[in-house]
Every structure is written in structure tokens, then in C-alpha cells.
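The chains carry the letters A, B, C, D and E, assigned in the order they are written, with residues numbered from 1 in each.
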Amino acid sequence: GKAGSSDSATAKETVKIGVLHSLSGTMAISEVSLRDAVQMAVDEINAKGGVLGKQIEPVIVDPASDWDLFAEKAKELLIDKKVSAVFGCWTSVSRKSVLPVFEQNNGLLFYPVQYEGEECSNSVIYTGATPNQQLIPAAEYLMSEKGGGYKKFYLLGTDYVFPRTANKILKAYLLSKGIPKENIIEEYTPFHHQDYQTIISKVKRFAADGKACILSTINGDSNVPFYKEFANQGLSSATCPIMAFSVAEDELRSMDTEFLVGHLAAWNYFQSNDLPENKKFVADFKAFCAKKGLPGGDKRVTDDPICWAYTGVYLWAKAAEKAGSFDVSKVRNALYGLDYPSPDGLVKMDPRNHHLAKPVVIGEIKPDGQFDIIWKSEGLVDPQPWSPLTSPDKDCDWVNHNGTYAKK
Amino acid sequence: MLMCCLLLLPLKVAAQDSASIYTAQLLQPPNDSVRTQAIGRLAALRIPATFPLLIAINDKKLYLLDHKAVTVDSKPTGEGTYRLYSLYPDNILLTNSSGQPLLLPLSALQTVDIPRADRLQLAGIAPLLNLFSNDAQKRILAYTQLKNTGDSATLSILQAALAKESNADARRTGKDVLYAARLYSATSTAAAKAYIDSIGDNWSDNAPVLLRNYAKAGFLNQETAHYAAAQAISLEKRYDSLQRIQNFFSGLSLGSILILIALGLSIVYGLAGIINMAHGEFMMIGAYTTYCTQVFFTHTLGIPQTDLFFLAALPLSFMIAGAMGWILERLVIRHLYAKPLESLLATWGVSLILIQTARLLFGDLTAVKTPQLLSGGWQVSPHLTLPYNRIFIIVLTLLMVVFTYLMLYRSRLGLQIRAVTQNRQMSACLGIETRRVASITFFIGSGLAGLAGCAITLIGNVVPDMGQTYIVDSFLVVVTGGVGKLAGTIFSGLGIGFFTKISESFFQAVYGKVFILVFIMLFMQYKPKGLFPDKGRVAED
Amino acid sequence: MKTKNNPLYYILFIAIFAILLPAGYLSGLLSVNTISVWGRYFCFAIAALGIDLIWGYTGILSMCQAFFFCLGSYGIAMHLLLKKTVAAGAVLPDFMAWNKIDTLPLFWQPFHSFGWSLALCLLIPALFAFVIGFVLFRSRIKGVYMAIITQALTLAMWLIFLRNETNLGGTNGLTDFNTLLGYSLSSSSVKLALYMISFAVLCAAYFFCYRITNSKFGKVLQAIRDSESRISYAAYKVVDYKLAVFVVAALLAAVGGMLYLPQTGIITPGRMDVKASVEMVMWVALGGRGNLKGAVLGALLVNFLYSICTSLFPDSWLFILGFLFVITVLYFDKGFMGLLESIKQRFSPTRFKTPQTTH
Amino acid sequence: MLLNVNNLAVSFGGVHALNLDHFSLRDKELRVIIGPNGAGKSTFLDIICGKTKADKGEIFFNGKSILGKTEVKIAESGIGRKFQKPSVFPGLTVHDNLLLAAKMKKDIFSSLFFKSTPALADRIHSVAVKLSLTNVMYKLAGDLSHGQKQWLEIAIVVLQDPTLMLIDEPAAGMSDEETEKTGALLLELSKAHSIIVIEHDMKFVEQIANELVTVLVRGKRLMEGTFAEVKNDQRVIDCYLGRTNAQLETL
Amino acid sequence: MMNTPVLTVNNISAAYGQSIILRGTTLSVKRGAVTTVMGRNGVGKTTLLKTIMGLLPAQEGSILFNNENITALPPHKKAKAGIAYVPQGREIIPRLSVYENLLLGLEAHPDRKAKIPEEEIYSLFPILKDFRKRAGGNLSGGQQQQLSIARALVSNPSLLLLDEPTEGIQPSIAQEIGSILQQLVQQKGLSVLLVEQKIDFANQVTDHYYFMDRGRMVLDGTAEELKHSELEKHIAV
């Protein structure tokens, strides 16, 4: 049992937030870094005196990549621990599993990872990208003269909801741009798939005329065998570039980059961004990891989800200050249209829904595991939780409507 | 053709002069607009000698070394150093005083920043530029992009590039373009057929597409069109049969991996009767040993030669995983021989502990570099490449199978192991030191897992829970083969490997996997005790 | 051999879970979440009883109990989701609409009705178990072969359930329900009611299993575990017996799954992945195989530890659980129950049994 | 004839373990089978009770072919078996071993709703007394000594009350006294049952072989005759009895 | 030395879990002679041999082998010291071939390079030669018993523990085993501790008898001293 006992005594000086990232199991590979980023933001804010005069007290739990446990932990954080906000989740399924909990208990979840859209919850602040902030610009770039003028697309992903929805949107987009159906192949592999020999053979044939590229939503530990096999069968970024949507700097740490050089990825943030804010952020993060004795120490890198996990905490803090309260609905209202100078430059919450407007960048992998930024959007790209390509009739608006509504 | 070149000569000399001027302007521009103009001019001139320089600009790999324009090799040589090439007027590998290639890190060079807008001027001639790239892949791509060109200036540049083409694939692709150009301009049926044949003989990746297009366009007459179409079909047939070989190889390679992983499990489980849920974690230990060896070699010893570490890692991963297995046996398993079920629980617990330990020690992400010798592949024929790393794993598996066979069936130790696992008490009464034998069995079984882990780094990840990815597969192999049957493990490993590959060519990977699982279930209906069941009384429970 | 039935165990068990915990909640000492969490553990314990029957008593290691558990959960989830969809005035659950499906798949139709849902939640797992069991037992697949085949089956089902084509929500599974039979799932009293129902079902399941294992039927099961061939020479139809327990175990798993769903609020294929199916077996092994109390205790304790350790020691809980497994195995002969027995024995006056003589 | 066997053959890896042209057994007959080690005696019983599949041949029991039937079917038709290597249910008590064996309906529902009757309890008790198992009634069968397991297995067959009992080496591991007692028991049982007994103990064979003795050698039926005929047959002496026969003369 | 017993069991007790089987059993095995233990089913004969071999710990008392205390030695050391054991129930290693089973006999042989005395073994048990490559577990019961005895002989022991060795063996071979035992005892000075219930066989080989009841020796004497009548009194139920 978890009886609330001494909470009231300390509540005067501290405010609790929940950190709900998997520290074990298959997703730990990605989520541990987000816990670190959140912890760093909290430490920084606390060092500067906290929020509304209160120190932030993070309650870290390990949902262990177990979706049911995500729901259980979410309840525990909201009901038993009474946290003011939760920072967590990576996979869409984990977000879906906690969503009802947050909605029923009036919680607030800051979700830092790119996702498939088609969601518009009042209880989630989506700091990651919507499809139009990542997928569409990437496809557009590849079709452009500068991007190589590719005419054939191999949509390859791990079999779960993000890749499936992403590819649905991508396919709709490509078709709308006049790419014939037979030039688009869609294929999925199971989680943890390790053997890409057959698929790469297919790709090789598909790409024989030099007009094909891969749009990859392959997730996690399948990427290493995928890229290695790709190179081994004599393919390269020159003959058939891979545009990845789930490979960031943190994943590249685990890969032998030799095989990856020249391939592409689309995100909203890269560590190589040379804004001074970012330089400081990167240096701080390395110092933080080294100081805390975290594995990797000062060799750690930042990437898109880390940046948004970190920014999420600041957004929340700024909104709380603006609202003058930690009350969920007040914070939420304060968040509409709020801007914040993130490591990625000034970003802005949408004035009507819970997504973030931010720049889109495409990078080319360098031998050192960093990205060379080869394309950047003009200014901030507004979020579209409902893709006009697949749900032209829907939009998300919590100010004038009650969430998702039908557009005329 | 020679005539043509001679005629162009005076013009060329003049152009060369201006090229030098522009090049100088480009490197030391008095202002930005001069540089922009210089690049534009150079692009317009299309002088092959300037191409390396332009490529360097386009690829953002233009550097200055002692005020001379240089570029770097596409791949780093070992620890962050690169080979350097001069760019203009000649494009050669730079050497140091002793004639060895000059190796420098990027930090020793001065970067030349050419703004994006300037670089965009080169986009139009990018394929031409890339014909002279140092990267064979880029050249291949360039040839492909030039495919339908009819313009003679481009053709002559193409010929110049082909003349010094060193890569077989690239030459094939390049020749295709030439043949195609001639095919399209051929005026007699015989000539066209001759070119079609040449394309067929040359057989680049692109050839079928090229022939198809020609056939569709029907350039000369119906007959040549048919001829081209037939040629395309025959090429594709040949390609398909090579593809079958490739598929067979894929199956063999997947099977080898399965066998390699299952071998240790087969010994520990099939022979010692211990359901070792931590088997995958011993693999993980082997993989991390490989990682640590690499770090030790490159960082501590400072040996840039990347291959050496792998040689050391092979025996080391065997020894370290083996030693861990030995310790596990001593501390835990030893007390559980009478209770095989409990061993399942205990080893599960141990696997949790090992995973978390790895996570705390290494974090979640680590990289093992593939040794240079094992990257790339053996080009058996133009369209059949067998990756070295997979060949290596096949050979390693073969060696380990032979080793295991000799150890188990041709040595005194093997006899002891088999006796102890079948009847511990009686073996002791016969004078066998059962505890020692059990420890050694575990050592070898875990060591083999470690070795498998080391080999897996060539194709997959090193993460704390990597073992979990393989544990079910390896149990499937061991059990399908029949518990305790070395031959069974080998046959079922290969069988599952081949079947997976066959099913993947019909179904998507996910359904392929489902298909294999269903197939195994049906197979067990027919062979409920695996491929090689014991016969007769021995088999009774 | 069999532990004598000490009423103390039952009294303690009922006192804690039927009186103490609810009282704690009603008096405000415990949060409703705590109650819910224990309600979920009970569901696991129900499934664990089934595993103990099939594995502990009959010696058949079935790794597909997680799959049956999920079948139960999915059935109820489909019902709840349809109820919610209809209440919202829609025809299709959200996820189907996104997947561009325009008509409700046929196999979803019966789940509009609660009665049908209940029936199907039991019927489908039973049917699956019957077919699987019939095929496997008839061809005399046993021991580790049985374990691996059932694991392969679960793995195949997992892969199929992960697919969107299956129309069961793919990886995301089914989630976001609001009412059950008109009662709001988020209300505390419904949660308490579900807790009490789960507890009652657990007790009933225990009693049921207790009766089975103590009947002659139970002895036949043990005889099958000891020597399957010998019992068939004594004219017992081994296949029938195995099939019967297998179906019963599947039903228990499904019942656990059905009660689990409304208390957890989500079901995904993750509930039946390899890890989940191995873990279910571990509960029973840790509690004490071949001992019904052990199965219940194992399921409750392991899950309780899992819950609290992932919160209290997010970085090191794997060590704690891992060591617990190893220590239990090394030092306690028959799992937690063995531990309890040995503690009891230490304090009991009859500690030194008089040695049995043979004449 | 209760049991009729024709041309029954089985081989293991090329070796003919059994190649029996003909064998038949009357109702309520007690038949002894002897033969050298490896003659195929146990294999013969294994085939009858369905444990081993025959390569060819036919077996009729009560006029019905039982070859290829499952063990359960054969057991249900009234054949009980005691194995050479004692096989009991080690995890159950002796009492439970006997209870499971006892003749009654053995389907699932009967087992689920089984209630012991005084008649049954008596029967189990009387068999236990006859086979000196009363002292170990509540011991686990796995904890018995070798000889005790032999007794238990005989008791199991007795309680099963089959038409035909197949008894493989009942006297192995028993003292001379106990052997005699077993012999007496078998003779008594043969009044109501048909029995096939395999033994190497000639004293025991002499005690029980009031009717025919079959001699198997290398899978073949060497001869069939009364005990006197058999023990004096030179071929039997050569390949089986050896000098022991001389001793038997003196008995 | 010649007259000291090769094995002395002093007042040992042993138990399975909580049921005590041996209660102060005492016996000695003469060098170069056959000592036989008789007794009814379940009195603890097998348990006695197991305890001597070290498969079951002796909770009290001591076991001396060649005057050395071997009570607590593990079985494999006892085997190496020259004690060979033919257990009740054969305990053939089922999946090893007959030949490999015989090879295991060499594990305890003092000479690491020793070879199987194939001729002797095969002349005694001809079937083992024909079945060399067959899995031990596939042999018939009597064949396994022969293999078990052969395996023990291969190790060239100085003390042989035999637990009902003729069980399931055809009369002619049982007879031969008897003569071989006598031969080995007389020619090689082998000492034998035999557990036997069949009086005919026991009579053939025994030098010294023990009678056991409920874990104790109740009677002992030389072959001549013991009259049949007395013997039967103890064996009778």
C-alpha cells in the first residue's frame, strides 16, 4: 500500500513531476537518455530557484517497456504521488496506454517523440513532430532536384503503428505528387528483426536504375543489421539513399557509422545545429552525464527527442510561471501560443492545440555520427496532428472547439 | 574519334588557362561575387581536369593544406585520419617524404566554406562531375544518370572517364551508356542487334531496363524491338538464377548463425539437462567482450589497425563467457542438478541480473566496428556478391561444429560429459569427477555462446538485452533438432534458415516468421521428438 | 507429501484481502489505485492456478497461457470499445476509422452484446485449447517439445495480433474504455467492486482447483506427470485427461484476462510476448509448483514486488528480482510455499518427526 | 483360444528381435516363456500390450485384432502388464497407486466424482495384504526398495483384474521364499485369469509350469512343451540352461 | 596385511531424508573372499552398498577400506581407490554404446593408459561383442545386467560390490558369472561384497554370510557354519 503521509509537510517547498520513461526492457535503449534530459532540465531549473519558488522533485519510475505497467505507473503518479505533470513515453503504444489515465485523472503528459498524429488529446503536450513536421518535408526533399530527384520509394518499417501510419501518409503524399503506384513499395519487419538479406536483395533490384530511395521507419535494434546488410550487398547512399525517421544521434552512437555515411535523416533538431543556445545545451548535457557518472559520460550526444524532452520541462515551467499555478488546466491554458528559446531556436506552442511549431531539418550522416544539415525549413513549421492528406476533414483545436472537429 | 580529340585540342588549351585562373579566384576570392562567378564559369567550361575540384566543392570536402587545395578520401583510415588528394591541376594521392600515403586528421586541414548558393550552381553538372569521383558508387550512379544522353560532348567526357575507370561495376554501367547511345543511333538491324548483344554481354544492373525501354520505344523496327525484349528477358532469367544462389547463401548464412547460437545451448541443455535461460546473456557477454577489446585496442593501446582487435576478441569472448558460465555453474547450477525445473528459474534470475549489470556498465548503446577485412563482399560474378562477414560466420560455424563434434564424440572428456549428463550418480561410481565435468561442460557451452556473441557483432547490435532476441530461436533450433543431438541442431538450424529464406520470398517478413513457426509446429506433429529421435527403449520416459 | 490443510492460511488470506484492504481504502488509508492494483494481481493469480494445474500437477509446461489470458482480455475489450463507440454515436472504433476500414469486421459483431462477449471470451480460448491440445497430445508431444511448441504458437499469435490487418488494434492493442454495463470504469466504487469480484473469483477458482486436485482425477494427473505410459497401461485415456486440464487451464487464464481488462484499461499483444509468457510460468515456479497456494502466492508476490520495485528502485529492481529468483531456488526447496512450510516447521512442536520404519 | 498370434515379427536396426510363427493361449491358461537374454521375450509382451509396434503379423485377443491399437484400448480390452523394470507412479503413495489401478470406470467424469466404496477399500486392502504392502501403504512408491516395487507392480496388475496378465520376471530380486509365495499367488490367479509369465528362475518355473512352457531363442519359437520336456531338451540346455540343468536334476 | 579385512563397516547409520534405514550396521569383508549379505526385501541391503559407495552419507559410524577411513570420500574417489559397484537396476548409461559403457569402466582404472581386456570380457559375455555399437539402453534386461558386470570388471577393482548381480540373467550365464567370480577371487585376490537373495547362487560362491534385518546385521558366519534351517528362519516372512 502507498498511503500518502508526509506529503503535506514538504509540499510547501517542492512540486512533484513524474518521469515515465522505460529504464529497462527493449525501449530502454532510447528512453534512458530522455530520463537524463529531463533530470538535467530539472536540476538546472532547481539551481535557478525552481518554479514559482518551489523546487521540482522528480518522481522517477520504470515502466520497463511493459505497456500495462505504463498505465499502472501513470495511475500511481497521478493518483498516489499527485504529480503536477508527467514527462514520458516514447512509443505510441505506451502513449496510448496512458492516455485514458491522464484524461480520466486530469493529468498532463509531455510527450517528446515524433509520432503519427491522428490524435488530439487535451491531456498531452506533444513536443515531438507531427507527420507534416518530419515525413512530408523529407519526401519532398528527396523528390526535388537538389535532393536527387528520386522517383521510386521503398517504404520500409518496423511493424507497429507509427511506421504504418507514417507510411499511409507518405504514400498518400507520393501518390498525390504523381508517383505511380508501382514505384512505391511498402514493407514491414517484426520488432527486433535481425536478418535483412532478403529485403536488401529486393531493394537492390528495385534500385537498379538509380532512381530509388528508402524511407525508413525501422525502429531500434533492427537498424544496425539493416544498415550493415545494405552496405554489404554493395549498396550505398549514392546508389540508394536511406531517409530515416527513427535514427538520431543517440542511435548512431551504437552503430558502426562507416556504413551509414551519406545516408539521411529528417528531424526537427540535430546536435550539429550551431546556435549558441544549442552549443551550450550540448556541452551542458555532456557535462551532466559525466558528472552523474552515467554510462557514456561526456561521449554522450544529444538528439531530437532529447532536445524536446528537455524543452518540455522548460515549457511546463514557463507555463506554470505564466499561470502562477501548477494547476493542470491553468498550465494548459498558459501553454497555448507560448514560445520558448529552445536549443533548436525559438519554438512556439500552437495557439489552438497542444503541439509545437518548430523547424524541420534534414541531415546527412557524417563519419563521426553527427549530421550535416543539408536542408532546413524556412522558419517554423506549424503542426498538423491530422494530416490533410489522410484526414482532410479533421482538425484539432482546443480553444474554439472541443479537440478534434470536422472542418467544413 | 582520335580526330575529334585532336581538333578539340587548341580549344582545350585555351580553356585550361582560364580554368587555372578561375581556380585561383575560387580559392582566394577578393569578394564573394567573384567566387560565385568563378564557380559558375568552371561549371560551364566542363573541363574534366577541374572536375575533382568541383566534386570536392559539391561534396563539401574542399580543404586547404599549405594553401593548396586538397580533398580527403571518402572513408577514414582507422582512427579519424584520412588520405589526401591534390585537386588541381592534377588529382593525385599525396605522399609523405618516405613515399607512404600522407594521413592526416581533419583538424590538421583548413576547411574552405563554399556557401550553399554557390554549390547549387554545380547541381546541373553533378552527374558529369561524379564520373570523376573517387567513390566508385558515385561513379556508378553518375553513369546511370547519363544513360539517355545523346550529346556528343558529354559522350566524349564519358569516354575519357571510362578510359581510366578502375571499378568493374562502374565500367559495366558506363559501357552500357555508350552502347545505348550507339544502339539508339544505329541504322541497320544487324548493327542494332550487335549493340543489343553487347549490352547483354556487358550485363550491368541497368541493362534489362535499358533494353526494355528500347523495345518499348521500338526505335528502329519491330525486329530489333523484339530482339531487345528477348534479350532483356534472358538477362532477367539469368539474374533470377543468380538470385537463387544468393537466396541459398542467405539461408546458409542465417542457418549458420542459428547453429552457432544453438550449439552452446545444445550442449548445456541437451547434454547437461539445464534449461539455461541465461544462454542469450552469455552471448551478450561475448559481444561486450568484443566491444571492450575494440575499445582497449584503439583507446588504450592506440593501435589503429582495426582488424587486430577482432582476432583477439574471438578467443577472449570464448574465454570470458566461458568463465562466467563456469562461475554460474559453481555458484548456482551445481546445487540444482537434481532439480532441472529450478534451474529454469535460477537462470532466468541470473539473466535479469546480467542484463541490468550490462546496462549499468555500458549504458544501452555500444558499437563494434566491423573489421576491414570482413567488410564488403566477394564478387563471385557481376550480380552475385557474398558478404565477407557472412562467409566468415559460415566458416566459423563450421569450425565450431567440428570442434564440438570432436570434443563430444572423439575425446575422453566428451565421453565423460555424455555419461555424467545421463546418469550422474553412476558416473560418479565409475570414477568420474562429476562436478569437474559439469563445470567444464558449462564452460564450453557458455564459451560457445560467447563466441556466437562475438560473431553476431559483425551483423547486429550490441545491447544489454540482445540475448533475448535470440533465445527463443535457439531453443527452437535445439528442440526441433531433438534434444541432445548435435546433428539435429545442425540440420534444424540449416533447415530453419533455408525455410525462412524461402518463405520470405513469398511472404512479408512478419508472415514469413509466422509461417516458419506454424511449419515447425506441424513438423513436430510428424516428429514429436525432433529430427533425430532416439529409437527403441532408450527413448522411453 | 501434500501439505496439511492449515485453516490459518485461508483465514489470513481472506482477512487481509477481503477485509483489511477494502477497509483500508474505505477509511482513506489506501488509495483506490492500490485496490485496483491488487485486483489485477488476483487476475494473474487466477491464471496462475491454471498453470499450476497443467504444469504443476500434470507436468505439461504450457507456454501459451499468456495467449489464452489475452483472448479473454481482448474479448472484453472489444465489448467495451464497441459500447463506447456506440455511445459516441460512431459505427467504428477510432483505430479502425484511421485504418480506413469502413465496415465493422464480422467477428466484432457479437461483441456488441455483453452476454455474447462473456460466452465468447470463454468459448474461444476453450476451443483454441481444445484444438491445440487435441493435436499436440494426440501426437504425443511432451516435455520440452511441448513447451517450445506452445511458445512458438504464442509467438506466432503475438506476431499476428501485432498486425493491423488483424483488426484488433495492432501493437497499440485496445484501450480507452469508459463504461462496463453502464458503470463508469473510472469511478472508485466500480474499481472496488471489480476488486471484490476478482477476489471472489480467485477464491472460487482456488476452491475449484482444490477439489479437482484432491479428487481421483487429480491423482490421475499426478500419475500422468510421473509416468504417462504406465497410466495408459492402466487403461486411463491420457489424451482425454490432458485435454481436460488444458482446457480448464485455458479457461482459468481467460477468466483472469477478462477480469484483468477493466481494471487495467488496456490490452496489447505485449501481454503475450515471450517475456510475458515466461514470466507467468515463473510465478508458479517461484511460488511452489504443484501447490495451489504456492501458485497464488507466487503470482501475487512477484507482481507486487514488480510493481513496487519499479517505483522504488527504478534503476536496480532487476537485481532485486533476479537475486530473489536465484535465492529462492537455492535456499528454499519448494518455492515460497516451501519457505513458509519450513518457517512453520521451525516453530511447530512436531519438528522432529519420528522416523518411519519399514516393518 | 484367448490369444492367437501369427507370424509376428519386429526388428530393430536390422536385428530380428522377434520372429514368431505362431503362439496361442487358452482361456485361464498359465504359460511360462523362457529363453536366453535377448531372445525377444519382453519384446513379445511389449507388442501385445501396444508398447512396441510390430513390423508385421497379427494378434487376436478374444477374437479381435489388437495389433496397432493404442495402449489404452488394449488395456481396456482386458490386458494388464507388469514390466521387467519395475514401473510404478513414484510420486504417489502405494495406496494411490493401487487405487488408480483398481478396476472401475476410468473416464474423466468418473474420476472427478469418484467416491470410495467399502468394497473397493476391502479389495485394495486384501491385495495389499496378499502382497505384503500393508506396511508401506502410505509411503511414496518412489521410495520403495527394488523388491517392494516388484510387489507393488504385481499388485497393480492384480487389482486391474485383466483377462490376460503379462508378467515379466516377477521373481527377480526376490528371495527364494518370496519367489515361492509369488508362484503360489500366480497359480491362484490362474484359476480366474490367463497369464503369461517370463522367468529365468528355474525353480520358480518348475513350481508354476503346470501347463506349457514356450522357449524363445533369437526371436524364434524353439519349442513348446511341458517343463520336463523343455528342461531335458538338449537345445535348451545348450543355449539356455547350461550346467544349471544338472543341478535341477538333483532337485 | 593379508588377513586384515579389505573393508570394514563400523556401526554406520544412514537415512533417506527423515527415514532412517541403516541403524548401526557393522560388517567386514575379507580380502580375497566373497562376503554375502542376505535379507528380505526392503531391509536396507541396497542402502548399505550405496552408503559404502558414498551415494548416501553415513550419518554415524565409519567405513574403512584397506585400513583407511573412506567414510566421507565422494564416490569417484572410492571408485579410483579400487571399489567397483554393480548396482541394482543396472544403471547402464542408456545413450552410450555398449563399447562406450565399457570404456567408462576404465575411468577408475589405476592405469590411465589401460585398455579394455576385450578378449576376457567378450568370452564371458559374447553378446556384448555383437552389440558393441548398440545403445546400452536398448539392450534387453539381462543383457544390461551383463554389461553392468562387465563394466565393473573392466576397472580391475580390488573390491567388487555386487547388488543382486544375477537378476534377469539366463541360468547358464549366471552359472558362469559364479565361476568367474570364484576364479577372480582365487587367482587375482579380488574381494567381493555380494548382496544376493537366491540361495543357490549364493551357495556357489560365498565364503562368509551376513543376514540383515531392519538395517542391522542379525547373524553371520562362514559358509559351513551356517545351516540352512537357521537361514530360513530369518528369511521367512
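Here, contacts are C-beta pairs under 8 Å (C-beta built on N, C-alpha and C of every residue); 3 or more make two chains touch, one makes a residue touch a chain.
Being a predicted model, the structure only gives us computed values, none of them experimental.
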item	value
Identifier of the chain whose CA centre is least distant from the whole-structure CA centre	C
Leader among chain pairs (count of C-beta contacts)	A-B
Identity of the chain that, by mean CA position, is farthest from chain E	A
CA centroid of chain B to CA centroid of chain E, Å	63
Separation of mean Cα positions, chain C and chain A [Å, integer]	35
Chain A-chain B separation of Cα centroids, rounded to whole Å	29
Where chain A touches two or more other chains at once, by residue number	24-25, 159, 190
Where chain D touches two or more other chains, by residue	12-13, 136
Sequence positions of chain E contacting 2 or more other chains	19, 42, 138
For the chain D and chain E complex, residues of the former touching the latter	12-13, 35-39, 42-43, 84-85, 132, 136, 143-148, 150-151, 169, 172-178, 181, 200-203, 239-245, 247
Chain D partner contacts - residues on chain E that touch it in the complex	16, 19, 38, 40-42, 46, 88-89, 127, 134, 138-143, 145-146, 164, 167-176, 197-200, 232, 235-237
Partner chain B, residues of chain A touching it in the complex	24-26, 28-30, 32, 145-146, 159, 187-190, 192-195, 197-199, 201, 208-210, 221, 224-225, 228-229, 231-234, 236-239, 250-251, 253-259, 261, 294-296, 367-368, 372
Complex contacts: residues of chain B adjacent to chain A	60, 74-76, 80, 120, 123, 130, 135, 137-138, 140-141, 144-145, 169, 205-206, 208-209, 243, 246-247, 250, 253-254, 257, 355-356, 359-370, 375-377, 385, 387-390, 458-466, 469, 500-501, 504-505, 508-510, 513
Footprint of chain A on chain C - complex, ascending	21, 24, 29-34, 36-37, 40, 98, 100, 159, 162-164, 170-173, 175-177, 186, 264-266, 268, 270-271, 275, 306-307, 310-311, 314-315, 317-318
